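Each of the two complexes below includes chain A, the first together with chain B, the second together with chain C.
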Partner chain A sequence: MGRIKVMIYKILLAIWMNLIIAAVFLYVEPAAGFPGEVSRILFFHVPMAWVATLAFLLSMIASSVYLITRKVSADFLAQSSAELGFLFCFLATVTGSIFAKATWGSFWNWDPRETSIVMLLMIYGAYFVLRSAVPDHEKRRVFAGVYSILAFCTVPFLVFIVPRITSSLHPEDTLNPAGPGMDMKTLIFFLGSLCAYTALFVWMLRLKVRMLRIMDNEQGVKFKI
Partner chain B sequence: MENGLGFVAAVNLIIWAGITLYLFVLDRRLKKLEQRSGDRDQAAGMDVHYEK
Partner chain C sequence: MFALTTLVAVSFSIGSFRIEESQRPFLYAVLLWIILVFSALSGLSRSFVKEQESGTMDILKLSARPQAVFLGKLFFNLSMLGVLELIIVPAFILLMGYKIKFPGCFVAMMVTGGLGLGAGTTLVAAMIAQANARGALFSALSFPLLLPLIITAIKGSERAAYGISAAGWPEVKIAAAYAIIMVTVSLLLFPLIWEE
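Presenting the complex of A and B:
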């Protein structure tokens, strides 16, 4: 892909994100059944949770590729993806907490959804501890790869199953100004926000991978792509 | 604008503009580092390929 083309995509993403933010606050109506304007946070909270899940999935795939092919670039991708997944998971927790305060009166309620996301953060936190605890490059990459695959096994369980098999305060149909489902205006901006956050993740991921590559090169470890 | 919604939107926009600016600056710095590292490797006769 040409550099100019990539630059155009980045500028378009910046404009797109600004439009989404402006529209979410000034154009879309808040969902019914929630106090004040609090439901608008879902245009940010859900895409962050989605990007976190996507990043953990990508980390698991890249780790598998590394374990099969032993290509260092796959490990860079796995590490970068896990780091960004952790960041977006943390941001989803913070935005969810703000929503909880406005809706249920407390930042933290030990709701199954809140508990499971904390467990997820701890599991991926341990991934970084593992990476920093092994000094040998090759061993570190293998251990982290195996751990990333095992860590992702918990993601469907903690994100999708646990909150649904127990009673939870977490709403399922929040972005809903007029009954079940989502009205067209809300849906368009919701999907727009999802796309913008996904593109932002891709951009950040590329930067992080390039950064790791340079850092690795500076340490004198050479590789080919 | 009710309930300071415009203010919240403005704060969000400023934060997003800051993040975008930071990412653009980071992108440029990485490009420079890649070029510098690439030039050095070339001078040392090493075969290292960076993603463009």
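Presenting the complex of A and C:
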């Protein structure tokens, strides 16, 4: 993308996000079945969780690509994506915790959903620890890739199996338990918010990858001197 | 040694009568698995570091195929875990007065749990042998991987000991599936680490 295109992208993204935020507070009615304004968190919490999932998936795929092709750019993508995923995952945890306080009465009670999101944070925390503990560049990339694939294989246990054993309070598409899911207006703005956050993620990802590339180049220059 | 020390400390300070009857199933399962996991981790983390320290890593790399090395280490770890469980579990049952309703199911849970522990950590042990700050790194890396297994194992042994019917079997199956998945993935990924 040229500089002007990026500029346009940024401006459009800013307008779009502001519109969405204003609309979900002023235009959309709060969903029935939840106390007060609580349900508006849907427009922020769910997109964050979605972006986190997307980012971790992308990171895993990029790691596999790196292990197969050994192209450094794939590892840059894996690392940036993991870092951004961690950020969004953390935000999803915090917003989810606020929602939990408002509806279930406590910030944290080890609901299966809460357990699995903490696991994700721990896995990627460990991923960054591993990255910082291996001095050799090449080795660090390989180990990080291997670990992220290994960790990814344990995620299904948490997401699909543990919640089956214990019951969860997390609302699925039960925003209106009796009705047909979300009403039209909510759905439109929900999807809009989803798109906005995904676009934000793409922009941040590009920035992060560029930053890593520049840092890597600088190190190469230092090496040569 | 660590295992026995913890076991003695736990049974000395808690005894078999300090915990109320209604609390026992849950707390005993948790205590047993805490002792098992921590004593296992201190041994498991050493499996590849030993080779690195004695300088035999390179010879191993030259003389054996990566899969053979991995499987050898895995079986060594598993037999170590087996011996550990053979000592700890009966001692725990005797010292704490742990009554088990479904011994078959309980034994199966212990076996599959042990398999999972070994399977989930062998690859991590191979990685940390080549990194800095090995001990701390090993637990930081393996806990997130083991957590699903430990949660399942605690649930399973609780149900095997005090359940209404032999309801612990789903957990046994989950632990077995975990072990199989981890061994398969590790076998595929190990050559990448080994040849670095």
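One rule holds in what follows: the second predicted complex is superposed on the first by the 202 of 225 C-alpha atoms of A that agree within 3 Å, B and C clash if a C-alpha of one lies under 4 Å from a C-alpha of the other, contacts with A are read in each partner's own complex, and residues count from 1 in each chain.
The working rule: a residue touches a chain if its C-beta (ideal position, glycine included) is under 8 Å from a C-beta of that chain, and two chains touch if they have at least 3 such contacts.
Bear in mind the structure is a predicted one, so any value in this text is a computation, not a measurement.
After overlaying the two complexes on the shared chain, residue contacts for A:Val142 are found with chain C alone; chain B is out of touch.
In the superposed model, A:Val28 lies in contact with neither chain B nor chain C. Look at A:Met17: by the touch rule set out above, it reaches chain B but stays clear of chain C. Judged by the touch definition given at the top, the superposed model places A:Met48 against neither chain B nor chain C. Legend: residue contacts after superposition of the two complexes on their common chain; A:Asn217 is shown touching chain B, with no touch to chain C. Shared-chain residue A:Trp203: touches chain B; no touch with chain C.
In the superposed model, A:Ala92 lies in contact with neither chain B nor chain C.
Of the two partner chains placed by the overlay, neither chain B nor chain C lies in contact with A:Ala78.
Once both structures are placed on chain A, no chain A residue is touched by chain B and, in the other complex, by chain C.
Considering their complex, residues 3, 10, 14, 17-18, 21-22, 24-26, 36-37, 203-204, 207, 209-211, 213-214, 217-218, 222-225 of chain A touch chain B. Residue ranges on chain A touching chain C, taken from their complex, read 67, 115, 119, 122-123, 125-126, 129-130, 133-135, 138-139, 142-143, 145-147, 149-151, 153-154, 157-158, 161-162, 165. Considering their complex, residues 120, 123-124, 127, 130-133, 137, 140-141, 143-145, 147-149, 151-152, 155, 170-171, 174, 178, 181-182, 185-186, 189, 192-193, 196 of chain C touch chain A.
Across the complex, chain B meets chain A through its residues 1, 3, 5-6, 8-9, 12-13, 16-17, 20, 23-24, 26-27, 30, 33-34, 37, 41, 46-52.
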